[in-house]
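First chain A sits with chain B, and in the next complex the same chain sits with chain C.
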Partner chain A sequence: MLKIAKERLNELYGKIAQTQGLFIPVKKAGEVNYAIWGEGKEVSLETLKTVKSPKNMFFPQTENMMKFKTEGKNIDIIDMRDEKRPYVLFGVKACDYKAIEVLDKVFLADPVDTFYKARREATTIVTLACSRPEESCFCSVFGIDATAPAGDVTVWLDNENLYWQSNTEKGEALTAAVKELFTDGGEAEVEAQKAATKEILQKLPFAALDLSRFKPENLNELFDDPAWEELSEACLGCGTCTFVCPTCQCFDIRDFKTNDGILRYRCWDSCMYSDFTLMAHGNSRTTQMQRYRQRFMHKLVYYPSQNDGLYSCVGCGRCVNKCPQHLNIVKVIKTLGGKNDD
Partner chain B sequence: MIEETLIPKVGVVTDIRKDTPDVKTFRVVGTDGKKLFEHMPGQCAMVSVPGVGECMFSITSSPTNQEFMEFSIKKCGCVTEVLHAMEVGQQITVRGPYGRNFPVEEDFKGKDLLFIAGGIGLAPLRSVINYVRHYRENYGKVVIVYGARSADDLVDFEEIKTEWKNEPNFEVYLTIDRPQEGWDDHVGFVPSYVKELGLDSNMTAVLCGPPIMIKFTLQGLLELGFEKSRVYTTLELRMKCGVGKCGRCNVGDKFVCKDGPVFRMDQLDELPDEY
Partner chain C sequence: MREVELKMKERAAELLQSGEVARVIGWKKGEFYFDPTPAVFESADELDGFVYNGFCGANLSKYLIQQSKKEGKTAIFLKPCDSFSFNQLVKEHRIKREDIYVIAIECQGKLDVEKLKEKGVSAVTEVEENGGEVVVSSLYGTVTLAKDEVLLSKCETCKSKVHQVKDEEIVFNEMQAGKKDRFEMVEKLEAMTEAERFAFWKEQLSKCIRCNACRNVCPACSCIKCVFDNPASGVAAKANDSEFEEQMFHIIRAFHVAGRCTDCGECSRVCPQNIPLHLLNRKFIKDIDTLYGEYQAGETADGKTPLTSYTESDAEPNDVMNGEAK
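Take a look at the complex of A and B:
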């Protein structure tokens, strides 16, 4: 393990930024989001829930895919995929890192999404262990250890130092590039922090949520549960919960006419919207209850059923904090998760 | 460059046939004059008019056709209107093939086959039927029941009259909703016609058409003694990516684009009722 004094972090960022792009939580206009680092930017590593999750780095809110040039009856397709510059994503929390795993299973499944893959491969991810989990956090319910996230490099931060441990080949390469700034040590401090954080995690208000009923064999029973009506009653269908969610993956593909040809881009979409499933001859989900149910059934039952039990919620708590109607997945789990059918 | 399924190929429309007042069949090849890609019966492709949008259509031609691909397209919205206004020689884009095909090389082999279609539902079936005709010796008797609103709404009527009706061991039953001058075949809805025909319940059945027709025809088949595990259909949900990533066509733990569009009725029973 390596360590560097907290006051010298700017040197570390500068060193990384010499050779590749560095994305890090930065405070701007009162909001913290991952942004490119530069001298004078206000880095806020401690912010647990950036407004946008780091999924934006691999699966951007909008992304240009290709261009069409048309002339008479002819069409020319211009591939807009370019070589991605390597970059470092720094400060990813355990929940958000797990969310990248959830997205990988979608975008890297055959046929591979090459837009996503190119960004993913070009990135070295430095995760940051949590030491001050918040009341809306419930990652541990999904078996995530916030004190020791995976990633190419894992770092821990206390009042004096940042501790650095590389886990992968990519991590080793990054370590080699910055090693001169570090000294050895920190094991004891990290162990102490882990133990202290685990105590806090255990006492969080949502730490004991029961997921036992969310199993593939209960799919239809859960789908038909009358509780969805009441759970979803206040939902506005605004889509906020899907946009802030690090695992929500739904997208739209759209065309836009420019002065220089037709641009085809993709953008985040939301199963909470009424036109998401609208067709010429009807709509398979006509009520907000059905759309609300879709979002949570997908996270807690459908996705795990397709992916060996892996949930597509990581307990980041963003939807808990952001829903204007105070609806969220915690209420769904409390209502439906623990009822046993026997 | 690395292959990317969301980036389509350019296709050229080489023929447009008006089948009914609102259905046209488009013949498409690549810019090199060859078929764009291979497929199996029941698979679909994303066809697009750049600047307007992209839509999923069944590839209605049989894979045994080595020269071109065909799509039978009903006019019902933005993209399909532009397609209908198109002239021969126009380029479009196509990507695919997507989805699971009918089990023509597995469960269908050696079986007597019953095809029931309503309206544009013939599009996916035409591919299977012509495939079966091509490999005739691999399959038993073929019974086709096809209905539409009126005689003018029967898609591919010429092929049905001149080719299917004359195929050995093929029985073709046509029906239209209301009596019409010059029509001396059956009149009535598909579900009731199916019951009247008293079909042999040992056949493997394939059903395609509007949801309401499927629902009532299935009921009829079950009454006749057909087993759900021997009845196939296709689902139609809104689609964008075609490869199980955009989330749009999700029903229960299935993506219709990737795990369908072909499903057996007993498989549909396991899905939540949301399609």
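Take a look at the complex of A and C:
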């Protein structure tokens, strides 16, 4: 294990940024989100939850896919991708890292999403262990250890130092590039922090959520449960929960006429929206209750039934914090999840 | 606030049991003290989870558009600021006054859990309101904060503690109006140079994630189909395509609610990126006050409004543009 004093972190960022793009939680106009690092940027590793998750780095909220130019009967298809410069995604929490695994199963499965794949391959992920989980966190329910996330490199942060441990080949390569800034040591500090954090994790109010009823065989029963009406009653139909969610993966593709041909782009979509999966005949989900149910059934039943039981919620708690009317997946789990929560 | 809550619950039960109303719109308990959810209660048995506390900041009036269309009368609890939105909805024929029973309730300013967290308090498990103090318990210890420091922004500049509409009232204590001037920040923005102001809004609006929470919560945004939800329009509500798109969305929205916005502050309360959207609306309110005379949307449910009626003394658009209008 290696360590570096906290006050020297800017040197570390600068060193990484010499050869690669560095995406890291940065404070802008009061809010912390992942952004590219540069001199003078206010990095905030202490922020437990960035507003948007790092999924944006692989699956951007909006991206241009291609252009079409027509001349007579010919259509030229112009690929708009630039070559992906290698970059480092720094400070990813355990829940958000698990969320990347959830996304990989969708975007890297056949047919492979080559836009996503190119970014994934170009990225080295440095994860950061949590030391101050809060009341809305429930990653442990999904078997995630917030004190020891995976990733190419794992780092721990305390009041004095950042501790660094590389886990993969990509991680070794990054370590070699920055090693001169580090000294050896830190095992004892990291172990102490892990133990202290684990104690807090056990005490978190959502630590014992029961997911036992969310199984493929209960799909119809859960779908028809009358509780959805009440659960969704106050839903505004905004997209906050889906856009702050690290695992929400739905997108829409549209063509726009521009002065310079036709532009095809994609953007995040939200099952909360009235034009989600809009087809020629209309919308398959006509009420907000149906849209609301779709989101949670997808996370807790549909996705796991297609992915060996892996839930597509990671317990990051962003929807718990950000829903304008305090609706969230925890209330759904407690109402429909199983005996423990009755 | 406890006595107010008990009385509200009692009245809700009476109204439902007597059949005077078919449903009551209020708040129900969340997972914590600080996350109550707007809720519709249709029988007295459902009232177990009824709650009213310092975190009931949500403006319930917009729920009436859906709920009051149902069979039978709907009762609703309104704080003073929510009552302005109610009148505006009646004025715009979105709801019918006679379908609704309004219970005016006491409000001493509502609290912002995010501000608690900004004070360094995390893993909050309990909050206790104690007059001017808020006692916050967390897994990392207990802290006492002054209530004024953790009020929702909209409550810091509360414009009125007078209910604009009511059928009955549950108020035990005198209500204190906001301590800050609500146009202070607008004036600061006006004093900036054009470039500074542009930079301010560009930085703020570039955080927008196009979740549309501001639009969906806004009682003035009551269009049955929003222009941004029309796939044929060439713009998409969900596509945060460029900085320009975000500015266009928010500026169009601000223009559309100009003269109708009651300044309830819900847009800024719900914004996940904490963009001070209410400042756009407040600028319009201030301009209307200056150009057409003092006007507060939602003060009454009828009468003329400055932007929808013509008088010969109306300001000339050119003079307004040149800053010469009085």
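Following the convention adopted for this analysis, the second predicted complex is superposed on the first by the 337 of 342 C-alpha atoms of A that agree within 3 Å, B and C clash if a C-alpha of one lies under 4 Å from a C-alpha of the other, contacts with A are read in each partner's own complex, and residues count from 1 in each chain.
One rule holds for everything that comes next: a residue touches a chain if its C-beta (ideal position, glycine included) is under 8 Å from a C-beta of that chain, and two chains touch if they have at least 3 such contacts.
The shown structure was predicted, so the numbers you read here are calculated from the model rather than taken from an experiment.
> Identify whether chain B and chain C fit side by side or clash on chain A in the overlaid structures.
On the shared chain A, the partners fit.
> Given the touch rule stated above, what does A:Leu157 touch, chain B (first), chain C (second), both, or neither?
In the superposition, A:Leu157 touches no partner, neither chain B nor chain C.
> Answer with first, second, both or neither: which of chain B and chain C does A:Lys203 touch in the superposed model?
Second partner only.
> After lining up the shared chain so the two structures overlap, which partner does A:Leu174 touch, if you call chain B first and chain C second: first, second, both or neither?
In the superposition, A:Leu174 contacts neither chain B nor chain C.
> Name the contact category of A:Leu278: first (chain B only), second (chain C only), both, or neither.
Once the two structures are laid over each other on A, A:Leu278 reaches both partners.
> I'd like to know which partner A:Thr240 touches here: chain B for first, chain C for second, both or neither.
second
> Considering only the touch criterion stated at the top, classify A:Asp269 as touching first (chain B), second (chain C), both, or neither.
Both chain B and chain C are touched by A:Asp269.
> After superposition on the shared chain, which partner residues are touched by A:Asp252: those of chain B (first), chain C (second), both, or neither?
Both: A:Asp252 reaches chain B and chain C.
> For A:Tyr302, decide between first (touching chain B), second (touching chain C), both and neither.
first
> Does the superposition put A:Lys73 against chain B (first), chain C (second), both, or neither?
Touch status of A:Lys73: first partner only.
> Closest Cα approach between chain B and chain C after superposing, in Å?
8
> Indicate the residue numbers of chain A shared between its chain B interface and its chain C interface, in ascending order.
Of chain A, residues 252, 254, 257, 269, 278 contact chain B in one complex and chain C in the other.
> Which stretch or stretches of chain A touch chain B in the complex?
Contacts found on chain A: 65-66, 68, 70, 73-77, 79, 81, 106-107, 109, 111, 113-115, 216, 219-220, 223-224, 249-255, 257, 262, 264, 266, 269, 271, 276-281, 284-285, 290, 294, 297-298, 301-302, 305-306.
> Okay, in this complex, where on chain C does chain A touch?
30-32, 35-40, 58, 63, 117, 122-125, 138-140, 203-204, 206-207, 209-213, 215-217, 229, 231, 234, 236-241, 266, 269-270, 272-275
> Over in the complex, which chain A residues touch chain C? Could you list them?
Chain A residues touching chain C: 28-31, 33, 48, 51-52, 61-62, 132-135, 200, 203-206, 233-234, 236-240, 242-244, 252, 254, 256-257, 265, 267-270, 273-275, 278, 320, 322, 324-327, 330-331, 334.
> Looking at the complex, which residues from chain B come into contact with chain A?
1-10, 50-54, 76-77, 80, 87, 89-93, 210, 236-238, 240-241, 243-248, 250-253, 270, 272, 274-275
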